[in-house]
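The chains carry the letters A, B and C, assigned in the order they are written, with residues numbered from 1 in each.
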Amino acid sequence: MSERSRAMVRSAASKVLSALVVMFLAATVTFLLVRISGDPLSMLLPPDATAEQADELAATLGLDQPLVVQYADYLSGLIRFDLGDSLFYNQPVSQVIADRLPATALLAVSALFIALVIAVPAGIAAAMRRGRARDKGIMTLILLGQSTPAFWVGIVLILIFAVRLQVLPASGHGTLSHLILPAVTLAVYSVAVIARLLRSSLLDVLSSDYMRTATAKGFGPTHAVVSHGLRNASLPVITVVGLETGTLLGGAILTEQVFTWPGLGRLTIEAISNRDLPLVQGTVLLFAAIFVVINLIVDVTYSAIDPRVRLEK
Amino acid sequence: MAGISIAASQDAQTPTHTAWRALRQNRWGMVAVVFLAVMVLTAALAPLIAPHDPQAQNLLERLAPPSWAGDSDHLLGTDHLGRDVFSRLVFGSRISLLVGVSAAMLAGVIGAVVGLLAGYYGGRLDWILMRLADVQLAFPSILLALAVVAFLGSGLWIVIVVLGLTGWVSYARVVRSEVVSLKTRDFVTEARAIGVGNLTIIRRHLLPNVVAPLATIATLNVASAIVAESALSFLGLGVPTHIPTWGSMLADGQLYLGTSWWIAIFPGLALMLTSLAINITGDAIRDATDPKVYRR
Amino acid sequence: MTTVLSIEKLSVDFELGTETVHAVRDVSLDLAEGETLAIVGESGSGKTATALSILQLNPVPPAVYRSGTIRFGAHDLLALPEARLRAIRGNDIAMIFQDPMTSLNPLKKVGRQIGETLQLHRDVSRRDTRSAVVEALAQAGVPRPDERAEQYPHELSGGLRQRAMIAMALVTRPKVLIADEPTTALDVTVQAQILELLVQLQDRHGMAIVLITHDLGVVADVADRIAVMRSGEIVEEQPCEPLFAAPQHEYTRSLLAATPRLAGASEGA
């Protein structure tokens, strides 16, 4: 038993290490991109600025230092969660982000919740009645969900529920009814992906030998699926949920724009339009960090469920 | 040596033949392909098909409803600047198709090269390339696209390059696994034994076998590239704003949703149908060419 | 000797798209209490389909049970409602399969899988289940059974996995054990051990065994009676020694000729 837990700890440690490496690469790439994107100074200064003003600004922002020193400052700042100051908001970037983060988190979590609540029963229902009408119907809906761009879904929902029926607000934030449309919009694509994957992985499981053994032991069909099928079928789904988070984050950016939801997504767009480079840098890094952390959690969960993986080097 | 290459190409079933045969049996697949053909034609013949200049503003006729719903003579109505929606839709399809296909091709080339190299040479090169793929996957593509656009500005070519750069991973993975399984087959080991150069082997023996799975992924990739382009345009970060795209039409239309639903709905519908048609076609191609699917 | 299981005129078809395969044609077999009946044939002979029919484990979209009865006790298994059939599966009639690696759930501990069978059919406490599981593993010849019960299938060797499957089948003391190619996936040295184990357990618990195999050599030491199948039909059925000594049917003779004998088979049980 302790051999197994030691192996688990070792693999978890290596995963954390890779995650850190990825973050490091992300930070470096962002740093380089900002520097490449042209002279930040010229974007910040009014056209008639004098040379002294330019030098002064450069000194304040630390842009007059050699690149390597800037890089070192940047990295050390990151470790302290100091991402510089937003040019537009005149506040530390970390502050601005912290203000907006909860809204996006709420949206993403609600969307994931809705997605699971719909996708899991749908996937199971489709797999249990493979090839019949129910399965075909669900597969068609899945196809529609995967092909429809999320921002259009949002617009259609606004048209139906906010404009025509007038039961839900078209934008804004604050109450549960404000949350419904954006969360549903965001959930659509994920529902399709998760349902489809659960269905196919459950189909694989249902035709496996150990399911036959379960039947031979006297399990009824539902009992067999719940006791033996689901855990096995959920493995690939868990991995996909991790990958889906990336899509969810991307979708959040669009959904927030459609519904004017005051979260990180809209913040990023605003920052880009305002050429607020420190803020853009901060939000990009944060998204990357969130993604990496979630993938890490997914990885660790996977190896916790599948004992075959744990003993691998 | 000629004998071996004949054996190799006989080994690879012509994907076009099997695909065509299977498509003919698949009703929805045919519908989807026909739809796409019509779309491509429309995009190519845009100037002939569009009744109005997509950029022509006519403030007297702004926000006019579609001709079958109101009494304007614009098939799908006009937008807030009096521009004909139908014409803009037709010209918008050009951008979508251009970006979608170019980005998919770029991603395909990059992905195929990476996959071939990684699968064939294995070892350290394989490890590095696959780690790179993992890191790439660690970033949601929208985010990457946004980051690049934020720092390098927007524009048609940047969008294509970015989408190409974000899409290569799925190609690479598939190609790599195909190559790895083909690498140990007889015709490859024989060719090697005779002394055929690695590049020739890759080109003549491995590449043809890899085309079928590549085609499936490419199709699906085109769909996601089209949607991604319109997402960027929707956010105002895509192609320059004077060029009509479905995404920017959606963005404009959203502001007038209360009164003039047609401005946003039609481009969205076009997007959805196109994406749907491509996905159906891609599924049909995969069902036709993937031998694993035959095993029930 | 009392007959414990009786297959009468069983016919099973497999509907595969356009063609229909007559997998089992008018097969009749009797199994007496405590005896070992071997059903031997090549792949496609219908032996596995027949065995799976007893507990109706054939995948049902393609499989259709056309006619016949399978008598067990007072019931016709083919006519039983699902719920009654479930009460018999794993309980009065148990089955073990060819490949223990795929037939066991890779994500569940071995002991848990064995215990489930017991909990399904009996009202037992957790502690009693645990000791029954360890006891079953011990009887199946698994060394350090209490440790093995806590392991996962992939942590056991092929032979041990099959012993675990056997333990799983035995834990409810079934009257009939159906063994579908139990040794085919195992090393030759282990095969003989498993067969010996089956014989021991049969002596101990008095259960009847239906042994499906393609290998006549495997069957020589173990079977009381042998039924040879080809293309869905029974071609010959005799007690073990007479069959080996004087095979009646040409097909049986050709099977015998093609069979490498296990060492010691010619010396009898």
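Definition applied: a residue touches a chain if its C-beta (ideal position, glycine included) is under 8 Å from a C-beta of that chain, and two chains touch if they have at least 3 such contacts.
Here the structure is a predicted model, which means the values were calculated and not measured.
**Student:** Compare the CA centroid of subunit C with every other chain's and tell me the farthest one.
**Tutor:** Centroid comparison gives B as the farthest chain from subunit C.
**Student:** Given the contact rule stated at the top, which pair of chains has the most C-beta pairs in contact?
**Tutor:** A-B
**Student:** Centroid of subunit A to centroid of subunit B, CA atoms only: how many Å?
**Tutor:** 23
**Student:** So what's the Cα centroid distance for subunit B and subunit C, whole Å?
**Tutor:** 54
**Student:** Give every residue of subunit A touching subunit B within the complex, in rising order.
**Tutor:** Residues of subunit A touching subunit B: 22, 25-26, 30, 33-34, 36-37, 143-144, 146-149, 151-152, 155-156, 158-159, 163, 170, 243, 246-247, 249-251, 253-254, 257-258, 268-269, 271-273, 277, 280, 284, 287-288, 291-292, 295.
**Student:** With touch defined as at the start, can you tell me which subunit A residues reach subunit C in the complex?
**Tutor:** Within the complex, subunit A contacts subunit C at residues 1, 207-210, 212-220, 227-228, 231-232, 305-308.
**Student:** Tell me, which parts of subunit B touch subunit A in their complex?
**Tutor:** Residues 134-135, 137-143, 146-153, 223, 227, 230-231, 234-237, 250, 253-254, 257-258, 261, 264-265, 268, 271-272, 275-276, 278-280, 283 of subunit B touch subunit A in their complex.
**Student:** For subunit C, which residues count as touching subunit A in their complex?
**Tutor:** 55, 57, 59, 82-83, 86-91, 94-95, 97, 99, 102-108, 116-117, 120-121, 150, 152, 154, 165, 168
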